[in-house]
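Two complexes are shown next, each including chain A; its partner changes from chain B in the first to chain C in the second.
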Partner chain A sequence: MTGLRLKPATIIGLLAVAALPLVVRYFLPASEKYYLHLLIQILLWSFIYTGWSLMGRFGLTSLGHGAFTGIGAYATVMLWNFAGITPWIGIPVAVALATVVGVLVGYPCFRFRIAGHYFALLTLALTEFVRLCIVGLRDFTGGSLGTQPRRYGDGISLYALQFEPDRMLAYYIAFGLWVLGLYVWLRVDGSMDRYALDAASQDEDAAASVGINVTRERLKITALSSAMCALGGAIFAQYQMYIGPDTIAGLGLSLNIVFAAIAGGIWVLLGPTVGAVFTQVLAETLRVVIQGSATLKGMFGSSALALDQLIYGLLLVLFIIYMPNGILGTTMAWWRRRAAARAATGRAGN
Partner chain B sequence: MDCQLDIFFLEAVVNGLLLAGLLALLALGLNLIFGVIDVVWICYAELVMVGMYGINYAYKGGMPFLVAALFGIVLVAIAGALLHFLVIRPVLETPPINQLLVTGGVLFLLQAAATMAFGIEFKNLGIRLGSLNIIDMSFSWSRILAFLFALAGMLALWLFLSRTFIGTAIRAISQDRQIMPLMGVDSRKLYLVTSAIGGGLAGLAAALMVLQYDIYPQIGLQFGPLIFMICVLGGLGNMIGGFVAAFIISQFIAVGSSCFHTEWGYAVAFLFFMVAIFIRPQGLFGSRT
Partner chain C sequence: MLELKGIDAGYAGFQALFGVSMRVDAGEAVAVIGSNGAGKTTLLRVVSGLLAPTAGTMTMQGTDLIATPPHKVIETGIAHVPESRRLFPRLSVEDNLRMGAFIPAARAKFHQRLEYVYALFPRLKERRTQLAGTMSGGEQQMCAIARALMSEPKLVLLDEPSMGLAPVIVSQVFDLVRRIRNDGYTVLIVEQNVRQVLKVVDRAYLLEVGRMKASGRAEELAASDEIRKAYMGL
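Let's look at the complex of A and B:
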């Protein structure tokens, strides 16, 4: 790999995202904290969704990534709370643990060709298993109520990797993570492994017959993907300063990851990011609308908050039926078609 | 944490058997749909939840329980047919994983709709059937009845599939999806009927479950993963396999829960499931294609 050549547009784009908090500070100083929180969440989830789509785009639809984010978050926090081990060591340990679990579950799956429905349902069982372990170890994890990382000093510490009170700092940490995710995606996209995995996802036997070690290739991408999700989960825990079995692990989260990634588009670089923007903005907008509207509140009370999930579910059904390439994938295809049509008419005119 | 072979252990085993009947019924509907249409309804447990709410409101609206139960069965059967018609049919020709995911969207939809319509409170019919006491053991009648009715439901499905014309057609199409339309069978209609029957089985399960469990919008997440695990363990689409798997899994849960905490019973069941699938990827009774 000779390093990625950065196009001017890429640099401008990165700078624009990097400058976002400054824009917020300048134009919306009153609610800076709120908007930064929204942006941080979008970036952190983008990273996790990108990690999932590394596997998802090759036909490995895993419902087990809620397990990896859960392992990442809980292992880091447990090591800090009960052994006093700094997250600088705890996070690598947690990521390694999640990777080992991913490979342990992945190896028999790929070796014995457990694919499609079976793979999805088996990884679903992994998610449930991890969630039940978290709930079961309630003496340490706080059970289904969740727990908090022990606060170190005033909550901002390099040693304890805690940065929640300083939203600017948190934003740039999330930004760094997001860029890392995109970089990994591009590295995979430009590698030979990508072609091998593409071939394997279309026809496993044919791919194997031309000398691709399908099991090994799939294990590599699974390890990478589970490591990324564990890292994302760990950083998310450090930012939220709270972990619960349903917020950072479990089936609901697994499905959320899958759907947000698909809604954005899993075959394009920024698809998962678009998915994160879309889902977060949708949820926040609806929340604000509901809180501002007395009628809706009167009709449904506090359960009006489920409205975003309702619309979300409905949209997902529609997306999968009518737009399986996701928002960004479909838009880009449309844009390319239009450009091609324009070029064709241009030539015809000359 | 003590696990001795005493009377309480026996009680746990028998309660496990009673639970198995219910789980087998739940797995049966999903297996039927998978076997015939080749689709996994991730939202299957949410259909059961819809049925439970339906029965709850019908009963509290003044219907006798049996009428309310019948209403629930019909309601979920219609919901199953609608699910197939509106959601599955448009994606029938796309990669199978899309069909699984699209029903995942329905899962969110139904859960959120139930939360909005019925609130997050636990709801209960308030019917107490008492329990059967033998020596020092006690078994609640609602569980015993659920077990018996579940077996009766399975028997009825078996009779339907083996003795009626349309049942024969359903069995035939599950053996070869491509050739049957060429024989002049309207597969679209058969799929719709199968979906309705699958829904009806979920409705029957709902009627048996309202007697035992409190109803809340997230109840599907409690049962859903369990049902999928049983189906996969028995071999997706294999009804006999699902039946046996239900008995294995429910013993893990019942005995595990009585010896340790409830979660550990479930956790061990899931672990056993994963290991079993690695040893026999096609399920305990499945045949590889």
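Let's look at the complex of A and C:
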């Protein structure tokens, strides 16, 4: 099961997701832009969440992936705005930079066996460090107000990798990225490294004694995961045409990544995607409800908009306690149990 | 086969081994006996590279083990069955065995080795899809030994295989040890259960507070008054 041979169900699923914007165009022509925007966001975040889950599923709970998306986005945009370097070169440079940062932070952690809570704390510091760098370099980055990639021509350009005005194009770029993320996940899942990392997350000494180079395995997955998140951040910047330290970097974003991936399920292929659907829909609903409610606004003022963070936090705690396998993981387990029970009663009936 | 000379080792601010020398020859079964805290587990951790000694030399068939990182030790032909089994609890029995054959040389022979250990321990074949952490202590010990054999080792290190097991299971575990001995593996076993272990090995070393106090043939040690009094409660 390396995913190289596609099953019919997989092909139908992929075609269905590919056809979604056409469905939107046909049924919701009036608000096509809005719904496409929502779908694009879901696909882009799915890719980033999938990248995070590559590490998260092996007990490497990073609260630092906002740093990687931030580096990906900012390095790409800075190179474009100030050196005129096309994102076709800028993105690989940004991804390489994020990978180097990931490995530099990861190596001492893995070498000295910093895992669990301490690893989370260390990566949390990384997030904050990158955010402070962005804010500190305000002459280039626009500080906490954020900045925009310099618009090239009419905003649609292959050279400048800009596509924001054409939502259909943007959708298929996001779709391609999403498929890439799933492919990477499947490749990792079918590899011997998966077993090695799984084993190391359960018992490091025993893993080393059967010949697993735990440090190297962990560095490899960290490099892959940070590269994916940096790529996701860069494409996100190209699509949004705006980057801010809180929208594409920072602690809030890091926590969102963790929450969404865990909510969807980090041990199943489509878990992070389900997490993206869940969080995006939740965020949109909350935004509409809070903005539309005079009562809430009267009580909290404009800070009512921050209520969604509070609700995220609460939900995260509930998920970790009651649904550690996430929405999709739990649903699939339930489905399998039901199928098994049915098969059993079927046999008994005969 | 395995030779240690003047090994000092310890943990931050605490020395656990003082000038330990010992030797295991091909085809032998050797025990290191001693009470709790004598340094037996530390000794095996040194051999398997999990703990770096501060002095001394250590070779496996001429290869310097001191310079070998822990994940490379297995490639010299040493497989470690760690204290309290240390299986991967949330992997199935078969996946645990798969991990035992992780090194490239063993990976190529995975199916062949799997058949071999299933023939040696048929119980594991029955349990192959079960999560290792859900098996009984004796079965887990069997699985841990089988995992070590997957890499086709020359020397098997067993760290307190009887620990935490019910007395009736303990004798079954020593039967397992006897079985792998008869299959031609060289065995180095560290044990507190002196009476039982001396029945399955050829030679033994007595470790006391980090120093080798005595060594000799298993029957001789089992007959010595000192050891009978101190370790066998007779």
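Some observations on this one:
Heads up, the rule we're going with is that the second predicted complex is superposed on the first by the 329 of 350 C-alpha atoms of A that agree within 3 Å, B and C clash if a C-alpha of one lies under 4 Å from a C-alpha of the other, contacts with A are read in each partner's own complex, and residues count from 1 in each chain.
Basically, contacts are C-beta pairs under 8 Å (C-beta built on N, C-alpha and C of every residue); 3 or more make two chains touch, one makes a residue touch a chain.
Fair warning: this is a prediction, and the values are worked out from it, not measured in the lab.
Taken together through their common chain A, the two structures put chain B and chain C side by side without a clash.
In the superposition on chain A, A:Ile321 makes contact with chain B only, not with chain C.
For chain A, the partner that touches more of its residues is B, with chain B and chain C as the two candidates. Using the contact criterion defined above for the overlaid structures, shared-chain residue A:Met192 touches chain C, although it does not reach chain B.
Contact with chain B, but none with chain C, is seen for A:Ala120 once the two complexes are overlaid on the shared chain. In the superposition on chain A, A:Phe259 contacts chain B only, with no contact to chain C.
In the superposition on chain A, A:Val214 makes contact with chain C only, while chain B stays out of contact range.
In the superposed pair of complexes, A:Ala206 makes contact with chain C only, with no contact to chain B.
Between chain B and chain C, the shortest distance over C-alpha atoms in the superposed arrangement works out to 8 Å.
Once the two complexes are overlaid on chain A, none of the chain A residues touched by chain B in the first is touched by chain C in the second. If you check the complex, the residues on chain A that touch chain B are 59, 61, 105, 108-109, 112-114, 116-118, 120-122, 124-129, 132-133, 135-136, 251-252, 255, 258-259, 262, 300-301, 303-304, 306-310, 312-317, 319-321, 324. Within the complex, the chain B residues that touch chain A are 34, 40, 87, 90-91, 94-98, 100-102, 104-113, 115-116, 119-120, 217, 221, 224-225, 228-229, 231-232, 236, 261, 263-264, 266-267, 270-271, 273-274, 277-278, 281.
For chain C in complex with chain A, the touching residues are 48-50, 69-75, 79-80, 82, 86-91, 95, 98-100, 102-103, 106-107, 147, 151. On chain A, the positions that touch chain C within their shared complex are 192, 195-196, 198-199, 202-203, 205-214.
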